[in-house]
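Data block below; observations after.
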Amino acid sequence: MRIVYFAWVRERIGKAEETVDLPAGVATIADLAGWLSGRGEEYAHAFADPKVVRAAIDRHHVKADAPIAGAREIAFFPPMTGG
Amino acid sequence: MRIVYFAWVRERIGKAEETVDLPAGVATIADLAGWLSGRGEEYAHAFADPKVVRAAIDRHHVKADAPIAGAREIAFFPPMTGG
Amino acid sequence: MASTIRLQSEDFDVAAETAALTRGRVDIGAVVTFTGICRASEAGHDVAAMTLEHYPGMAEEEIGRHVAEAERRWPLLGVVVIHRHGRLVPGDNIMMVAVAAAHRGAAFAAAEFLMDYLKTQAPFWKKEERRDGSAWVAAKSADDAAAERWAKALEG
Amino acid sequence: MASTIRLQSEDFDVAAETAALTRGRVDIGAVVTFTGICRASEAGHDVAAMTLEHYPGMAEEEIGRHVAEAERRWPLLGVVVIHRHGRLVPGDNIMMVAVAAAHRGAAFAAAEFLMDYLKTQAPFWKKEERRDGSAWVAAKSADDAAAERWAKALEG
């Protein structure tokens, strides 16, 4: 599964994108954020306050309980500050 | 006293402005509209529905009960449709 | 605050007026413009042209009072109001408002406030040339209601 | 409805975009534009420059969804949304929205709706260069509240 990161989530993790193989049991955005947090300090730092990190599945905003099955691209990023 | 007319008030009366000498007892905008209405058919037509005709004293919007003493210029016109 | 109020029969250039508002400044974060344009059809009838009559002197003063009131209500950094008079055909610009501020909330609110008041309080009158002759445009109760809401906002 | 959505690093010309919206048309009575400009000072600190990061692909799609929603809510005759990315300095244009409609109520409402949603939902992030280093701009709760009011307006 392709995962992309933006803004300070990207900076903390140290990469803009990666492709990961998910273990069974990672079913929602919250599960994925939790699993990523366990991959190292940089991930733990990025997801330190999981409520602040927003997510999108295939370019649509989703909530933490959204199921990720079938997703092609999942994005994690801070609250938006465009406009 | 100088009186100016705009839009269909002007068209009905047939003039854009005039200077009039007011008789005693004409104290308010409503009094003035009533007095003008008695000056001829064209005036009666212009002021046929006095609630529709708006007034300004010295370039400030006023209501029908506004006193006209000391006014330099009084204007009568329909509701505004600018913008 | 820089403010420009002009009544003219000639057309105006929204871009040039807006550029003049913001040129050389780094404190303006938001510019809202409104342009009113003559339409070929109003309320179901065709309009070949319209003539805008105004009350010279009072029109400028009345707009000036509204601009001052807007400046009192919101932290503005610049206002332009230009209103044309004379004969206009469909597609012609009628008037424009531009408001500059640090943030968008003030710019949007002041632009809408100015438009609502100009529609109901500025001494302009439109006469339309229609297929069956010419006729003065009637004031819209929707415009009065729009202007009313600002009075309510003040009380509330 | 004609709509233009563009993300670009280059500057844009509000006048040219607006002219393209209205050219040759006589059904448009109102055009509202919003221009967002980079300020030299935000929330009390100096800003030397800012860099706008965006999510390519999603940014266009998300703006497109908001434009479609605005068109569903109001009778619009044209919409332009342009958002820049990359490095900008104070005085530079950041983004613009232009909305054309027959009447001003729809044009103002749709322009504000689009701005409120773009601020909180379009995937853009600003990083400011400040005197003490660079920092990501924090989302404002006022912007969330502004976007919320449209959801309430739908329910109410």
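Some points to look at:
Order as written gives the chain letters A, B, C and D; numbering starts at 1 within each chain.
Note that contacts are C-beta pairs under 8 Å (C-beta built on N, C-alpha and C of every residue); 3 or more make two chains touch, one makes a residue touch a chain.
As the structure is a prediction and not an experimental result, all values here were calculated from the model.
Looking at subunit A and subunit D, no chain is in contact with each of them. Annotation for subunit C: without this chain, the others separate into A, D | B by the touch definition. Of all chains, the one whose mean C-alpha position sits at the greatest distance from that of subunit D is B.
In this assembly, the C-alpha centroid of subunit B lies 26 Å from the C-alpha centroid of subunit C. A straight line joining the Cα centres of subunit A and subunit B is 71 Å long.
Computed centre separation for the pair subunit B/subunit D is 48 angstrom, with centres defined by C-alpha atoms. Shared interface positions of subunit C, i.e. residues touching 2 or more other chains, are given as 36, 104, 115. Contact of a single residue of subunit A with at least two other chains is seen at positions 83. Touching subunit B in their complex are the following residues of subunit C: 36, 52-55, 57-59, 61-62, 83, 94-95, 115, 118-127, 136-139, 143. Across the complex, subunit A meets subunit D through its residues 4, 6-8, 56, 59, 61, 75, 77-83. Put simply, subunit C touches subunit D in their complex at residues 13-15, 18, 22, 24-41, 90-91, 102, 104-105, 107-108, 111-112, 115, 142, 146.
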